[in-house]
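Each chain gets a letter, A, B, C and D, in the order it is written, and its residues are counted from 1.
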Amino acid sequence: MNFSNSVVGFIGLGKMGLPMAKNLQSAGQSLIIYDVSQQACTSLAGHKGTEVATSISEVANKADLIFTMLPTGEDVAQVCQAADGLFSHARPGTLIVDCSTAHPQLIRSLSDAAAHISLRMLDAPVSGGVVGAVAGTLTFMVGADQVTTDSLRPVLSAMGKKIVSCGAPGHGQVAKICNNLLLGISMIGTCEALSLGARHGMDPAMLTEIIASSTGNNWCVSTNNPWPGVLPDAPSSHGYAHGGSIQTLAKDMGLAVQTASEQHMPLLLGAVAKQLYEMAMNQGLSDLDFSSVIKLYAESK
Amino acid sequence: MNFSNSVVGFIGLGKMGLPMAKNLQSAGQSLIIYDVSQQACTSLAGHKGTEVATSISEVANKADLIFTMLPTGEDVAQVCQAADGLFSHARPGTLIVDCSTAHPQLIRSLSDAAAHISLRMLDAPVSGGVVGAVAGTLTFMVGADQVTTDSLRPVLSAMGKKIVSCGAPGHGQVAKICNNLLLGISMIGTCEALSLGARHGMDPAMLTEIIASSTGNNWCVSTNNPWPGVLPDAPSSHGYAHGGSIQTLAKDMGLAVQTASEQHMPLLLGAVAKQLYEMAMNQGLSDLDFSSVIKLYAESK
Amino acid sequence: MNFSNSVVGFIGLGKMGLPMAKNLQSAGQSLIIYDVSQQACTSLAGHKGTEVATSISEVANKADLIFTMLPTGEDVAQVCQAADGLFSHARPGTLIVDCSTAHPQLIRSLSDAAAHISLRMLDAPVSGGVVGAVAGTLTFMVGADQVTTDSLRPVLSAMGKKIVSCGAPGHGQVAKICNNLLLGISMIGTCEALSLGARHGMDPAMLTEIIASSTGNNWCVSTNNPWPGVLPDAPSSHGYAHGGSIQTLAKDMGLAVQTASEQHMPLLLGAVAKQLYEMAMNQGLSDLDFSSVIKLYAESK
Amino acid sequence: MNFSNSVVGFIGLGKMGLPMAKNLQSAGQSLIIYDVSQQACTSLAGHKGTEVATSISEVANKADLIFTMLPTGEDVAQVCQAADGLFSHARPGTLIVDCSTAHPQLIRSLSDAAAHISLRMLDAPVSGGVVGAVAGTLTFMVGADQVTTDSLRPVLSAMGKKIVSCGAPGHGQVAKICNNLLLGISMIGTCEALSLGARHGMDPAMLTEIIASSTGNNWCVSTNNPWPGVLPDAPSSHGYAHGGSIQTLAKDMGLAVQTASEQHMPLLLGAVAKQLYEMAMNQGLSDLDFSSVIKLYAESK
């Protein structure tokens, strides 16, 4: 199946959803869009091939493939299961793809419920933030096998650069959570290593170069280096602006710690790293790039 | 200066030093060797161009370049500063290169003391373990500027594959400590991420592939993956044998935490990671590859 | 006001609620009881002065003071705010006292909502567990000022030994969370101190005696000592049975960490302690007394 | 044996040793004193019954009981084992009591060595700080059985209020380390609990009162409360002055973590608590009372 010629529904036109839908529109995709705030639909309206719906059920009635991009998992459940929601009104065979960040178990439950009524639902959470949504360079972690993922590729390509199959419903969320857990830990590890080197009088740029070609290398060392000036293009060299915020990362790591606890799995390093981001937020750094957590290690005057 | 035609001294022929000296010998380097145990010299003796010394001062008298590879920093200080040691007996201009793992501050002190008596001393700690020492594939982190490092390259190349300039005396140790600190943290982060994914029912091999091409990637994910079977050549796929041991890594991380404390620098993630390796040692895993720390996260039956 | 002569409602007759209501009954209090499972009411029925209600609204119609003892905060919200719930049916002036463990903010919201409709609602969470509920020796942490707390004292005394005023609605929960956070940390601290002493060859009983009369003393040292045999009456001397379980404590500490995160307050020691209880649960210790967390520190054979 | 009529030696007249020796002098004890700085002896000289020695061997020749109060364990080893030290010059049967803070293993070694040459050596580290040393209210943790401890009691009573037998040589140090480990953890736990309560709008004084009579109680809650104004006499109510400093506590906790690592015993909560004190030192709080660690939890403006 190829959705390029289908009508695609898009529910949720916030900071992320709006530029994503705009990219679909620009790619020539026929759209039917909806948001609780009709205001949010304005900038996409009036474009040939784009219809503005006044209810979720209207989207359900007209689309073959429906994206949801909503603030919380509760919103996703509501949009699917409310009396006027997708599950009650979508046509048999409709595919619902949720791009929000949500609990993997919720996705599995919704996916199972959808299957019972001849619908399909899966998750495709994104990374790349608002910048990636605008530029159409998001990564999609698709909770589906390779075949299904490939069938979505032509549509997703309008919004993202990398589309990865994660196996089964819910596993898109799992992959995102696990990646961000490791990312959050690696960043703090990188901050500790560079700060320690600097305290010993070593130039952080030279230390970066050495680690980058050694066993300690990771994406935070080589690409999002937290030490100002080491990488001219990294947020750290521009006041820690325009990256993945501490707040966002702490939220994702919180989801990791929570889902681990639900299974009585200890997640010690993750829990400590999470607390260090909390400490950074307590010091007013919430909205800066998450590499700004290095400020916790600065020598006090 | 080029040391290839010089007589090179080698003091300390233990598990690491012996194969290192053997590689120098095989490369045709003229050698004078010494170990507190004369027994240790046996397997290198009788080779044309290799002399066995019976005292440290004898080595000092005859060599232009002297390597030391000793168990502890105290041993290094002793070999340099004892009455019959290198500092009292080496000829002006001699270069002493310590390959042991030692406190950066000790190296700086010894280097300063050496400079006052017209000697040169610097550090060049290695990574790669016994396996790398035997194969001649060690990495040398040289506590010297680029010019000095280059002058050592022909000799070091007989023992190692990668020779990195770290700037100044002591900074070889700093680079090694910082790299291993980050490595130790990254490994546990990787274990937590893969274990969490597995608890959520996701295939660790698929999760590895996804993270390896995403922002969470690091050397532990892509090369020394802790989940058995994901990478056929990794220690985890062979009973965690033949890698850098938990014990060795915990020792290096202990040095990181200690030197940070000396400067009242907090090193929270490092300290917790260190404790988790202690916990693994307490469970009898000391001699396994450090990726075996993943056993802490196994579900109990 | 004195509720001794009033009809007291009791909603929620589970493991905790049933023995609590029974103690009220034994003290001669007039009761009207309700549980979603009518079965749960059986053992209290047929007693002079005790009426079994078949709906929440029936309790609301007849009682001046209503206790709720429910599994989760969501249940409390439901019992209060559902169409047939307490808020819609209680008579003006009725006092609702929730003894469940819930989020402080939920209690504050419900309390505010109640005040708007001329009802009063406050929290009085308990400590002491099922054993204390049966024996009538619970501690009540009352989210009210001293006067209101005193007015409840005659009734609460039938169920508990200690009744503490915590100031305002929600603060009963806050006090319980904060106490249990500190308790959970203190227990692990005590385990680490005694285990370290034992590794150094010191008798844990002698060490206990010394710490108990020094600055390190706390309730875990002096009363719930985790080392088997030190205190004959402690759970540790009886296979860690019959105390506050690891599971319960971990749940309370989770609430502490969560409510701290909501305010971007770091809670590092609490988060680590929480993870150590998770680790103990992962090793199958969930139902043992929380002092059994000391098993994490046992030397492996 | 009773040392009241003996000549008592005292080596080490620093911030702690000087007031301790002064208290012995005031109690009428015959003394022979020594310090590397003869200056340090000045204020005790010229008192009937007090002799100033010019060497350690002179003390060794004349005293039956010798106290040492020195900065580090290395100093203690030096004073005992140097060529002109106590072991070479003390008369058979002399009892050496070291009041410094040192590694338990060092004390055991020195004690064993002393026994081989018909001397006795044991540890009696103190708590109470300079204030306690001046006031004569120190606690002595004596590394000896009850009988030996009792024999020292008349002399120690001049310097301290509490004299505790800890069993065997080295165990005085062990008891001190374990107590201070737990103390350091309890203080941070207390800070987290009170700060969390305050964030929830609860009065820290009321919360203190509740916890103090509950299972979370400890010495930091009831006696050295970290919240300013809760206890008028606590350091927190006087700018955190005049207590046990963060620096001192961090040093003791460092000894705990180090000796645990030597035995591959994990000490997770201790290691994290230690790092939090490091973080406080990094923020310039080293010399304040250790309850000032609560500043880490203050809300940023």
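Throughout what follows, contacts are C-beta pairs under 8 Å (C-beta built on N, C-alpha and C of every residue); 3 or more make two chains touch, one makes a residue touch a chain.
Keep in mind that this is a model prediction, so the values were computed, not measured.
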- Query: Once you count every C-beta pair in contact for both, which comes out on top, A-B or A-D?
  - Reply: A-B
- Candidate from C-D, A-C or A-D with the same interface as B-C, over half of contact pairs in common: A-D
- Message: By mean C-alpha position, what chain is farthest away from chain B?
- Response: C
- Query: Using mean CA coordinates as chain centres, what's the chain A-chain B distance in Å?
  - Reply: 40
- Message: I'd like the Å distance between the centres of chain A and chain D, where a centre is the mean of that chain's Cα atoms.
- Response: 54
- Residues of chain A whose C-beta touches two or more other chains: 260, 265-268, 272, 276, 279, 282, 296, 299
- Note on the structure: In their shared complex, chain A is touched by residues of chain D numbered 268, 272, 279, 282-284, 296, 299-300
- For chain B, which residues are in contact with chain A within the complex? 104, 127, 139, 141, 162, 164, 166-168, 170-171, 174-175, 177-183, 185-186, 188-190, 192-197, 199-203, 206-207, 210-211, 213-219, 221, 223-224, 256, 259-260, 263, 265-270, 272-273, 276, 296-297, 299
- Residue ranges of chain C in contact with chain A within the complex: 250, 254, 260-261, 264-268, 271-272, 274-276, 278-279, 281-282, 286
